[in-house]
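Shown below is the structure under consideration.
Letters are used for the chains, namely A, B, C, D and E, taken in the order the chains are written, and counting of residues starts over at 1 for each.
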Amino acid sequence: MENPVSVDFIRWIILLPLAGAAINLLLGPWIQRKLGKGAIALIGCGVVLAACAIAVSGFLQMVALPPGRRFMLDDLWVWMNVGGMKLDIAFWLDPLSMVMTLIVTGVGGVIHIYSTGYMHDDDSFWRFFGWLNLFTFAMLVLVLGDNLWLMFVGWEGVGLCSFALIGFWHKVLANTTAGNKAFIVNRVGDWAFVIALYTLYWGLSSVDHPTLVIREVAQWSHLLAGRPGYLGLSLVSFITLMMFIGATGKSAQIPLYVWLPDAMAGPTPVSALIHAATMVTAGIYMACRLNFLFSMAPDTMLVVATIGALTAFFAATIGIAQNDIKKVLAYSTVSQLGYMFTAVGVGAYAASVFHLMTHAFFKACLFLGAGSVIHAMGGEQDMRKMGGLRKRMPITFWTFLAATLAICGFPPFAGFMSKDEILLQAFARGHQLIWALTYAAAGLTSFYMFRQVYMTFFGEFRGTREQEHHLHESPLSMSSVLIVLGVLSVVGGGVMLPGYLADFKPLEDFLKPVFSSEFTRRLGEVPISHGSEIAFSALAVAMALAGWFVADLMYRRKVLNPETFAALFNGELYRVVLEKYYVDEIYQAVIVNPYLMLCRMAGWFDANIIDALVNLSALVVVYASWLSGLFDAYVVDGLVNLTSNVTLDFGGRVRRLQTGSINGYLYAILAGVMFILLVRAMLRV
Amino acid sequence: MPGGLTLNHFLVLSLIVFALGLFCVMSRRNAIGILMGVELILNSANINYLAFALFGGGRYDGQVFSLFVIMLAAAEAVVGLAIVLAIYQDLRTIDVDATETLNG
Amino acid sequence: MQLDNVASLSHFIPELVLSGAIVLLILLDLIIVNRRVAGALAMAASVATLLLVIAGGASNTWLFNGMVVFDSFAFFFRLLITLATIVAVWMSIGSVEVRRCEQGEYYAILLSASLGMFLMAEANNLLMAYLSLELVSLTSYILTGFLKHNRRSQEAALKYLIYGGVASGTMIYGMSWIFGIAGGLDFGAINAALSQSGTGSSLAVFIALVLILAGMGYKVASVPFHMWAPDVYTGAPIPITTFLAVGSKAAGFALLTRFFYPAISHLAADGNWQALSGVDWPQLLLVICMITMTLGNLAALQQNNMKRLLAYSSIAQAGYALMGFVVLSNDGLRAMMFYLIAYYVMDAGAFLVVMIVANATGHEDIDAYRGLAWRGGLVPAVALAIFLFSLTGIPLTVGFIGKFYLFAAAIRGQFYILALVGIINSVISLYYYVRPIRTMFLDEPEGDEGAVTAEAWNYGLMGALAAATIVLGLYWGPLIDFAGRSLKFFIGPA
Amino acid sequence: MDHLLTIITFAPLVGMVLILLCPRDQHNLIRWLAAAATVPQIVIAIYLYAHFDTATTAVQFAERYPWVPAYHINYFIGVDGISISMVLLTALICFISVFASFGIEKGVKGYFALLLLLDTGMMGVFVALDFFLFYIFWEVMLLPMYFLIGIWGGPRREYAAIKFFLYTLLGSVLILLAMLGLYYYNPTPTFDMTKLAANAASYSITFQRIAWIALFIGFAIKIPAFPFHTWLPDAHVEAPTAISVILAGILLKMGTYGILRVNFGILPAATHDMAWAFLGVVGTINIVYGALCAMAQTDYKKLIAYSSVSHMGYVMLGLAAFTAAGINGAVLQMFNHGTITAMLFILVGVIYDRAHHREIDGFGGLASHLPIYAGITGLAFFAAMGLPGMSAFISEVLVLLGSWQVHPIMTVLGASAAILTAGYMLWTYQRIYLGPVNDRYIGFSDLSARELFTLVPLAAIVLILGVYPHAILGLLNTSLTHLNQVVIASAPHTASVALAH
Amino acid sequence: MIAQAIFYVLAVLTVGSSAIVAFSRNIVRSTFALLGAFMGVVGIYVLLAADFVAMIQLLVYVGGILVLTLFAVMLTQGIADVTISNRAVGRLPALIISAVAAGIMIFAVFRTPWRQSARIIVAPTTYGIGNAFLGPYALPFELASIVLLAALIGAVVISRPLDRGVSNRLSNEE
């Protein structure tokens, strides 16, 4: 690899949001009081949009470079330099991180703008923008960090911001509980992730390249091939598997997805930005970034693809039964992330990134549309109390519909391009079962999305009169954002067209230098004919149509009654799905409760056993002193009793001069002396 | 020594007296009784000194030592009996309930 | 160099001054009515003795035909005993209890005891050892029982007397056997005789040593010869308690050392001592030492009377000092001597504070110290805390340095168990030493207990002792050097 | 500038003397005098930091004067990479503690006098290079600590104070024995730690092991290592705020510092043999067990105390690894834990001053009307959780990174504590600061300027060290890496040298 | 043989009297038995060629100490209360200890090579003792006077009741 281009603009992409966060969090209350919420909004949006602008200019610079040299490094200072591991605070801009940066700053920027409208009535306006900016900062660190530890800084940093924003309305305890859950579940993943990093570091230092700088890891990781690791896995498999466990936490995959639906407790822009567009994709980003490692571990790849497909499917099944407008989208997000992992697992990294990008567009659009609805409904999130909003909120409806078509995979919307690519790649690379799962999930997706559209926007309004009176289209700050994202959902797929349409894949070409390691290349060599591509497209569209059709029958035309389906198997199946397969309950029973019990036991043990053991030694001393007191008191003499007896004897005119205690003393002493003598005589005569 | 008396005759005699003195000291609960036991011990020691003075070499050393023992025994007896009398006197005149005792 | 009776007198001036003062005090008491004169005279005599002792130095001679030896070791203890006497006299002058007694006789007997201690430190002959020990004992009985109409005082005196009588009786019986084996009373002669005799006499020597130990051990209050100490310390007037605790104990250690080291051991080439003719008294004393400190500490844990607590503590302290005694090295003896100085400073200080509080409140119970620091008694409270911490062996006090050398000697002699026992005891002792401190500082005063104040001279002495405790804890180099230099026995003619 | 370390050590003592000369009721004068007495420490600490030569393992700013020549006792002080960070920490924490103590109203004179004496004792421990001197300083801080807890503490202060005292004394007397053993086992008897270390090869392995265990118990009590830790919750709960800060911020570090300085430096071969069990296993138990116990606490301060037990476990685990990352991480963790836990205890004190209780379940919703307080607490909590970007992250990561290859199972357990820590910290934060507003606490005032003054510097350090840990690591690296090499090289089998980096 | 016979007679006297002293439960009887013991010891002294010591023993012990003791016993005891119920807690153990001690020591006596000079001189000793007191034993001799002085003064002080004069003096000064 050639030396990266040394630049110094990347830092500003990162520092601007940080500065915004610092100003808003530290001085926010003051600014809001003196200058109004406008100033807060200006700072909050301004920094992100400025960062976006810098990123765009950076993109232009990068495009100007020859493809093989599109690596930029902004090295700030030495972070730590210990034991041969020299890590800097440095930022690394390559095509992959470029794409991510644009998504984060771009989508993030418009969501910031949306938030100025959505959060306008909140007293903690400043706090919201502070955390949102801080999130952007952390996400950018994750994306741009030049070494894995720095990436991990962002990795946990976004978790922190996620925690803070989920529990943004902290006076409601349930919100903070959801935040805690998100953070702790993520920590479980992080635990595996750091172990992966430790192992990677030691693996590389055993081949004399102790480093965790990503480009150096890329350079030397091939040396790790074939080395044994732990748990019977090869070293690389162990590392990547651990990393993937970390990714399941962050990207809400089985088994650690449980936090994401609860995370909907946060304000809707947060759900859009963090829990749909950016943070949850960190796991995918990480896997793509480290594609050279993952590609070396076929068994991990298989696990990734399987988990991804399973997640895609099961989350979709849960999605069909949800009534909360955001919960549906949340499970949809989990499901879509499953697609991305499927793509990673089958080695189609570019497809994965592509879907990541389009998903960012349409899912953000969906969430913000939902937010618009919730905003209009005065905080109501239950779809059963909505309906007929199409007329009252046209912009919201049309953008929402566009995004829905995108996610369902109708051509030519963005989702069609990306999802189709994933399904195709999965099948083409020989993972038929995985293809089947994801294919089925696509139908379910179509169903629950149109179910949502129909329940929300069609039919009669089912809410209260007061809500009906209050219904209105969202202000410009929100609706304009919906339009932008709606348009992107439509045209966003244009960066990677199916091969039978045109040989136009600028995204894949742009990313090619990143996915150019020997192992990744080997995985990518799959010939696919145009015919089969067309066939798969048709199949996919048919599936989407089928989903739509069923939803249409059930929720628009009401020909089929959903209740009858719900009542199948005595309603047990429906209940299981509605209750999300009881996964939360199982976790509570199997992990959380035993853990709390363990803690209580440890606390009891410490207070009653350990401390008692320590106090026991004190007790022994006290007991010994009591014994010696007895010795004094009884063996020598019953001092208390006897002396007083003696005194009483005197008082009783019995003229005896008895000093009882003394002969006891003498007795003891002489006994002592004789004992010594006796022992001596017996030992050596 | 004429008459077949050996050093050991005297040493054993003194030992018996010593042991009786010890017993007296240990078993008596009467202060004066204990002091009598002490006198027995002192006498037994003196027998030793004189016996060693005669059979061993240091003639005057032993005899002088025994003289000092006698003298100090007298001094001790004086002081001891004075204290005994003082306590007796004291208790006869002082309210018993007001007295403090040593213990513990 | 051995001097005859007349020539010896010139080296014997301090003792002569003391004797003169004794006679003078007895005479004065008949003539002069003012009771303060006696104390002043006794004070003057002790200070004069101190100056004369210092002026006399150590001259390595046998005096009075070898009856006493006047070497560096004796000089060290002369000094220590004089200092103890000064403290005792000083405290007596300030003591409310003592003020009620006959002054002339009191000081006369006090100085007699002091004289006896001098001779204990100098004795080079079994007869001298016995005589001087008896002098100290007899005067101690009298001083203990000096408080009129005080049942405790007289009961203590009686116990002390009976115990002392038995102890000295067994001791002279043991001495008679030593005399029978060695054929002489002179320590030098004993050493020579024991060196030549084979192991045949070792059992007899051992028995004799045990019997002698009863007499000497009871002076230092080592287990199992300690039983008198708590009662006597509690019953005696506080200045006498102090005098017994520091002076009598030091003299006991002096005699013990002089008898067990130069008389019945010999110094090997490697600087360690060896017991003669296979008599294993070191093991015996090792066990006694460990039991002494343990028992003293354990018994002290439950005491509620300060004097009694300090009495048991002094038993434990004797056990610590014995650590230096049993390791059979000059290092150990030096540590023991240093510890005796340390013990003198801190224990005298502690008793002084107890006396100050007793003078003010009339109580000696720990309860009388409740919240002392917060009810106007901060100065004595701080001083007592310093002394007690020093007794515990916390650094920055002389007590720590003392223990440091003791442990060092034990470690060097590879007496690890001994060191460990000592360590554990130090920790246990903290508990009861801290109790008065806790009562004084941590507890709030309750009721109408008044402020504790004392006369300036008591504060003066207390301040001096507290300062000495700290200063010697920080800079003890000259003192340890002095102890080391003093560790030279002038051994008698073979 | 020849006596910098003497000044930094004894400046508080001078302050103490001045305070003792003050009239009893001049509270403000005494407080400001105490504050002034800690300023020289800060100034000199900064000077030392700026002029410390990071390239050498040699002792710097050394001073040596004979004290008791006959016994080879010297007044020998100096700093090297092992101690410099602790000197900085002590200066900082003491400075802050004085301000955190301004609220004390009872026995002000005595309090500040003792506090400054404590300061001297602690600083002395870290600069002393003569073992005897080290021991003296080590014990010196016992007494003020006893009184500070015992007089100014909570309801069970007497129990806590004596427990602390007895425990620590037991430990220190064992150190004394080992110290004497080292003195005599040396070819030329000396207390000079540098010479003792230089002669390390001459001690028999049996002796090293015995001495090592004695020293370890002595230091472990201070750390506090399981199962010697039970004095800590009691002492912390009863101690006044500033004393808890010092206790957790500095005193605990003395244990691990002692292990580094004495066990590692002077007994490397025994260290190599025994660290696995005594530091590694015990450290892991500390981490996990402390976290479990913390979860079970209902007293805010006790919870923080147990979190200290947990976090000090990382230090031990790091030391046990014999890798450069591990040992550097351990010492960095000492520094970081010092600053973070100091914040935590100040924060507990803040709420205790207002509410007069510390029951976690008795609060709720404080964030709504004490936003600044809740914000800084959040920062401190996340710092304690080892959130990346803050200082503790770096040290915990280095520790675990260093120990992974050597003790994988322990590392996995240690790393899992990050989850447990997040669990109890977040749960606590939620119960105290979040949720519905509790009416009882509506009138409470937010942080005062003085409280902010004590917290903000610590928070700043926590953040700065998160992004620029090199500021401290750079000081340590040379000395610690060298020390690590010494330990490894002393092993009878040198195969493990490969782990050196 | 005669000497031996005399020795045994004296020994029986001494031991027998001592035994009564030790074992009698009547303190008065013990006191009188003490006289027998002292007399026996005097005889032994004579047998050991210590004429001067025997004389002193007679004077001091029999004439002084014994009388004093008897006086004290009478004074504190009261002849009426002869039947004393001494609890004798430790009699049996005391007996065992004494017996064991005696056993061991007798064993030691026979095993030990005591220093014995070849020539035993039996001659009057008064002159020699006088010389010894003025020569090598001058210091102990003088010291003894101080001991006696202190003992006498102490005995006087302790046994003297707090007389009115002293009380007045005390109350005046305080």
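Here is the rule we go by: contacts are C-beta pairs under 8 Å (C-beta built on N, C-alpha and C of every residue); 3 or more make two chains touch, one makes a residue touch a chain.
Being a predicted model, the structure only gives us computed values, none of them experimental.
With steps allowed only between chains in touch, the distance from chain C over to chain D comes to 1.
Farthest chain from chain E (centres taken as the mean of C-alpha atoms): A. Distances between chain centres, each the mean of the C-alpha atoms, put A farthest from chain C.
Comparing chain pairs B-E and C-E, the larger number of C-beta contacts belongs to B-E.
Taking each chain's centre as the mean of its C-alpha atoms, chain A lies 94 Å from chain B. Centroids built from CA atoms put chain C at 26 Å from chain B. Averaged C-alpha coordinates give centres for chain D and chain E that are 70 Å from one another.
Centre-to-centre spacing of chain A and chain E amounts to 99 Å, using the average Cα coordinate of each chain.
Residues of chain B found to touch two or more other chains are 11, 18, 21-22, 25-32, 34-35, 37, 51-52, 56-57, 64, 68, 72, 75-76, 79, 83-84, 86-88, 91, 99, 101-102, 104.
Counting partners per residue, chain C has 127, 131, 134, 138, 141-142, 145, 149, 151, 154-155, 157-159, 162, 166, 170, 177, 180, 183, 203, 207, 231, 302, 431 as the residues that reach two or more other chains.
Of all residues in chain A, those that touch two or more other chains are 629, 632, 643, 647, 656-657, 659, 661-663, 666-667, 670-671, 673, 677, 681, 685.
Listed in rising order, the residues of chain C touching chain B in the complex are 126-127, 130-131, 134, 138, 141-142, 145, 149-152, 154-159, 161-162, 165-166, 168-170, 172-173, 175-177, 179-180, 183-185, 230-231, 234-235, 302-305, 308. The residues of chain E lying in touch with chain B in their complex are 1-4, 7, 11, 14-15, 18-19, 21-23, 27, 30-31, 34, 37-38, 41, 44-45, 47-50, 52-53, 56-57, 60-61, 64-65, 68-69, 71-73, 75-76, 86-91, 93-95, 97-99, 101-102, 105-106, 109-110, 114-117, 120-122, 125, 128-129, 131-133, 137, 140, 144, 147-148, 151-152, 154-156, 158-159, 161. Contact residues on chain B toward chain C in their complex (touch as defined above): 11, 18, 21, 25, 31, 34-35, 37-38, 41-42, 44-45, 48-49, 51-52, 56-58, 61-62, 64-65, 68-69, 72, 75-76, 79-80, 83-84, 86-87, 90-91, 94, 99-102, 104.
Residue ranges on chain A touching chain D, taken from their complex, read 25, 29, 77-85, 89, 149, 152-157, 160, 163, 167, 170-173, 176-177, 179-180, 183-184, 187-188, 190-191, 194-195, 197-199, 201-202, 205, 210, 230, 595-596, 598-600, 602-604, 606, 610-611, 613-614, 618. Taken in their complex, chain C has these residues touching chain D: 389, 392, 394-396, 400, 404, 407-408, 411-412, 419-420, 423, 426-427, 430-431, 434, 438, 441-443, 475-477, 480-481, 484.
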